[in-house]
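Next up, some structures in structure tokens.
Next, two complexes with chain A in common: one pairs it with chain B, the other with chain C.
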Partner chain A sequence: MKIQTLLLLVGLLLPQLALADGPPEQKNFPQGVSTERLGDELWREVRQRDMQSSGISQVKGVDSGILINARGDQWARFRMDQLSTFGGIGIAAIFAIIVLFYVVRGRVPIEGGLSGNMVHRFTDYERVVHWTLAIVFLFLAITGLILLLGRPLLLPLFGKEVFSILASASKEGHNLFGPLFLVSLIMMLISFARRNLYERGDMTWLLKGGGLIGDGHASGGFFNMGEKTWYWMVILIGLVIAISGLILVSPNFGQGRLIMGLSHVVHTIGAIILIAVSIGHMYLGSIGSEGALEGMKTGYVDINWADAHHDRWGKVCHEENLIIPAEEYARLQGQKPGSTDEMATAEQGK
Partner chain B sequence: MARMKFYCDAERCIECNACVTACKNEHEIPWGVNRRRVVTIKDGEQGERSLSVACMHCSDAPCATVCPVDCFYTTGDGIVLHDKDICIGCGYCFYACPFGAPQFPEEAAFASRGKMDKCTFCAGGPEEDHSSDEYKKYGRNRLSEGKLPLCAEMCSTKALLSGDADVISDIYRKRVINRGSSAFNWGGNAKITG
Partner chain C sequence: MIEYLIDGPLWYFSLAVFVIGVVWQLVSIVFASRKQDLSVARDSATSGAIRTIFTRFVPHKEISSQITIQVVAGYLFHLGLFALLFFAAPHVVFLEHNLLGFGWTPMPHWAFIVSAQAAFLGLIFLWLRRMVNPVSRLISTLDDHVAAILTFVVMLTGCFALLEGSTGLRLLHRFSVELWLIYFPFSALMHTFTFIPSRAFTGAWFGRRGIDA
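What follows is the complex of A and B.
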């Protein structure tokens, strides 16, 4: 039985093997007729399989000569499957980690408490630059996240009509305030760059994990290494976001879909990174660390806070006698807000 | 239910652009917006072919997948339509569409995008059939009158076909078979692209 089936199989396979031997083309066709299929070539070109080729069209417009844009679907899939999914999960995860950290570790207190003796840290101009960038960033982050994650998260809650109004406002607001981000970013670059250059001693901060690993505070100058890294992240990634955003916002310079799709991906990845890290920055600058918000709120910080978090700068403050005693500081605060800076700079100049 | 499709026969299209003009006229489409266009490949060379292209009403439309406000919907006839009251003019459908079908009127400074406009298979939009709102936003609704899209209906060489997918593919299949046999009968170097 078995041998019979085997023979049958061989018998069935043999003719096919014979066919596979010789080239099958043009065997049964009359001589002189080319059976070369030009269609293969045409449709390969239309589908852009091997090359990015373009035809011509009487309809003038960006990419109007391209019949099929094969990259479009790739971009759409990447946006839906990777960008929005992992972006959303990533930001939510960072948020959860920080909440968990706060629950476990609580607020980092200043050793020895507040002294009441203050030291000047930021001028009014510097604080205006910081808060302008912060507010513009937050606005762009929220409107951008509405456009990225709104369809899965908000649309089912509000319904299409209401969400459309929200998304439309987000898009217009995002486009309008986007260029302001670049302006405030450049202001930030000019006023803070020098103090954010890396210097000796920054490595020890990194080795101690910014004070997270082991006991005691990690050493830091006017800005510690974490702040410096955050600053350069904001500047560099921010510039990438701003440039890719400008490519996206004005489609009248003839940039094609390929460039715009790519810009969108770069823009979104950069933004997700900055948003995720900014949650950490906001936490450490407010409820995470006692006395930290004072510097950006009033321009002055407690000397004990400076000694604890920025010991090298605190040392300079002690040596150069820049500390404003509590009574003096109270008197300064009583005066008009505008004059506090002049007093402080005069004092710094001593 | 029918499944509506366009098909353009590359062997027949003569790049007359009548479909483009008919579409613009029928729907009163503004300047700068073209729901349909004819693209010529290898213009002036051997193997030159033209194809008329518009929204192809995909079964699994990338525009609908990527739309952040979910403004697209597919009718019972398999036509992909969108709601201009929901559309926010972000341009994502234009990046995603393989055919470059979504069009955007330039609305304000820096060519900021208005609401998207595209081929409706002459089936109007979500508005009430034949209302002035529907005409203003989406153009004529010929399908509800029992007529097929004007571009295909008035194609002089019947290169552009529209209608139920089964009927269209039957017509095209017959064409291909006829061409195949005649090519051998000529005995020359006839090349077919079908």
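What follows is the complex of A and C.
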């Protein structure tokens, strides 16, 4: 009995003695988990395996058996190192190019100046839809950029306390306004799709770079090739952004971490592309091109602007006698004849 | 210091201005001197008043197709704002603890989000329509724009403070609410209360003359 007890004690103590006095080199068990610095090695093995290791958990749910998601770490590094860095640089570069373009080229004038005679281009509803989408998009772009670039750019400027408030507000605002973007997008699709279908002559516009390449005039219909391409970019990339955003904001439809990570990457890349191109759209629709803003501001454009940028549509306006004289247009806008901005500009042009 | 001011004196001041201002305006309307109507009544003024209060909730057939945006956006905004104001969980708790002493079942979080989105979309649509339509733009005053923007700011700061985790965002929302309450009685926002006597007055006038309108 005494011998048995002694053997049992030796048997229990031997492994402990081996651990205490063993050589410093690693001891690898068949499962591949080192016992040297047990905690470090174990967690490193769990985190850095090539494959996703899944176990058993009493918690029932998507990915609940995965102790640590190694791909999540990869996604976080990609977001911090590449996505935010190159995304920020890309948007800043586009902005710089447009500023440079404006400095070199200036505002593109209309040949012969503005006439003051107008044609109707957009209804009230179409303009409300456009500006709703624009407001929601700008809000989402600003809050999204704060979330993407805030840590490297704003945190050093404002400090942790102010930045945490800003980031928290941006996250809530972004999540709440996201579905409104989808609603506005659908309204935009219904209102403008027919007139944005590609047609004969659009390729000519593209080959001439919208009038920037060569001396010839780039012909365009109600919408030119550039506007149509921008429209379909907004619709298609916008839908991708909206759907990936809904996947991110509603994580209770069975989507796992992998789908969430991918959705985030797709969402961010799509948003960066739209934000970058939208800077060009905003430039061309306002200070970049004379008379362009009027269409979305009042619903009417100068006939000379229509002839210069949308000659095929302008021709139809002439043929069907859709031109509204300056005095009549002023009356429609509730202004005294001769007091409109267009009249003043037209006078300057003469 | 700012927290004390916003949660304390400014809150009570804004509430007092709101209550006294609204009561004063309504009493002024009710007791305003009117010319005595000497015409022979062809029909009941009271039934005309009651009928008009309710029939004005639906647009006239003749113009309904021309004002679809205003009607849809108007209902989206007003119903959304009403739900947010009285059935959002933070508001129910606030009203119970700070004003009424009793509460009621708040709406679930998803309904809160949908109401907020409906209210935002409606308000943006209504304000843009006011801006793009030449007639609406001409008859709009500075007060109309200030009232719309101030309401938008209150809703926006409320949505920012949705997590209820930041004192700064909560104070920002409460401060915007206090500005809104102070502005309310002196602005177009008073239509919240005056739409009923306004419709009733018109309805009574028409009813007495036997006009079905």
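By our rule, the second predicted complex is superposed on the first by the 275 of 350 C-alpha atoms of A that agree within 3 Å, B and C clash if a C-alpha of one lies under 4 Å from a C-alpha of the other, contacts with A are read in each partner's own complex, and residues count from 1 in each chain.
FYI, a residue touches a chain if its C-beta (ideal position, glycine included) is under 8 Å from a C-beta of that chain, and two chains touch if they have at least 3 such contacts.
Keep in mind it's a predicted model, so treat the numbers as computed, not measured.
Peer 1: Touching A:E199 in the superposition: chain B (first), chain C (second), both, neither?
Peer 2: neither
Peer 1: Which holds for A:I135: it touches chain B only (first), chain C only (second), both, or neither?
Peer 2: second
Peer 1: Should A:E111 be classified as contacting the first partner (chain B), the second (chain C), both, or neither?
Peer 2: neither
Peer 1: Quick one: chain B or chain C, who's touching more of chain A?
Peer 2: Larger number of chain A residues touched: B.
Peer 1: Does chain B (first) or chain C (second) touch A:E327, or do both, or does neither?
Peer 2: After superposing on A, A:E327 lies clear of both chain B and chain C.
Peer 1: What is the contact status of A:S168 with respect to chain B (first) and chain C (second): first, second, both, or neither?
Peer 2: both
Peer 1: Return first, second, both or neither, reflecting whether A:Q58 touches chain B, chain C, both chains, or no partner chain.
Peer 2: After superposing on A, A:Q58 lies in contact with chain B but is clear of chain C.
Peer 1: Of all the chain A residues, which ones make contact with chain B and with chain C?
Peer 2: Of chain A, residues 161, 164, 168 contact chain B in one complex and chain C in the other.
Peer 1: What residues on chain A touch chain C, complex-wise?
Peer 2: 124-125, 127-128, 131-132, 135-136, 161, 164-165, 168-169, 172-173, 176-177, 179-180, 183, 297-299, 332-334
Peer 1: Can you name the residues of chain C that touch chain A in the complex?
Peer 2: That would be residues 69, 113, 116-117, 120-121, 124-125, 128-129, 131-135, 137-138, 156, 159-163, 165-166, 168-169 of chain C.
Peer 1: If you look only at chain B, which of its residues touch chain A in the complex?
Peer 2: Residue positions touching the partner: 10, 15, 17, 20, 32, 34, 37-43, 47, 49, 51, 53, 62, 65-71, 83, 85-92, 94-100, 104, 106, 110-113, 183-184, 187-194.
Peer 1: Spell out the part of chain A that touches chain B in their complex, as residue ranges.
Peer 2: 29-30, 32-34, 36-39, 41-43, 45-46, 53, 55-59, 61, 63-70, 72-73, 75-77, 79-80, 147-148, 150-151, 155, 160-161, 163-164, 167-168, 171, 175, 249-252, 257, 260-261, 264
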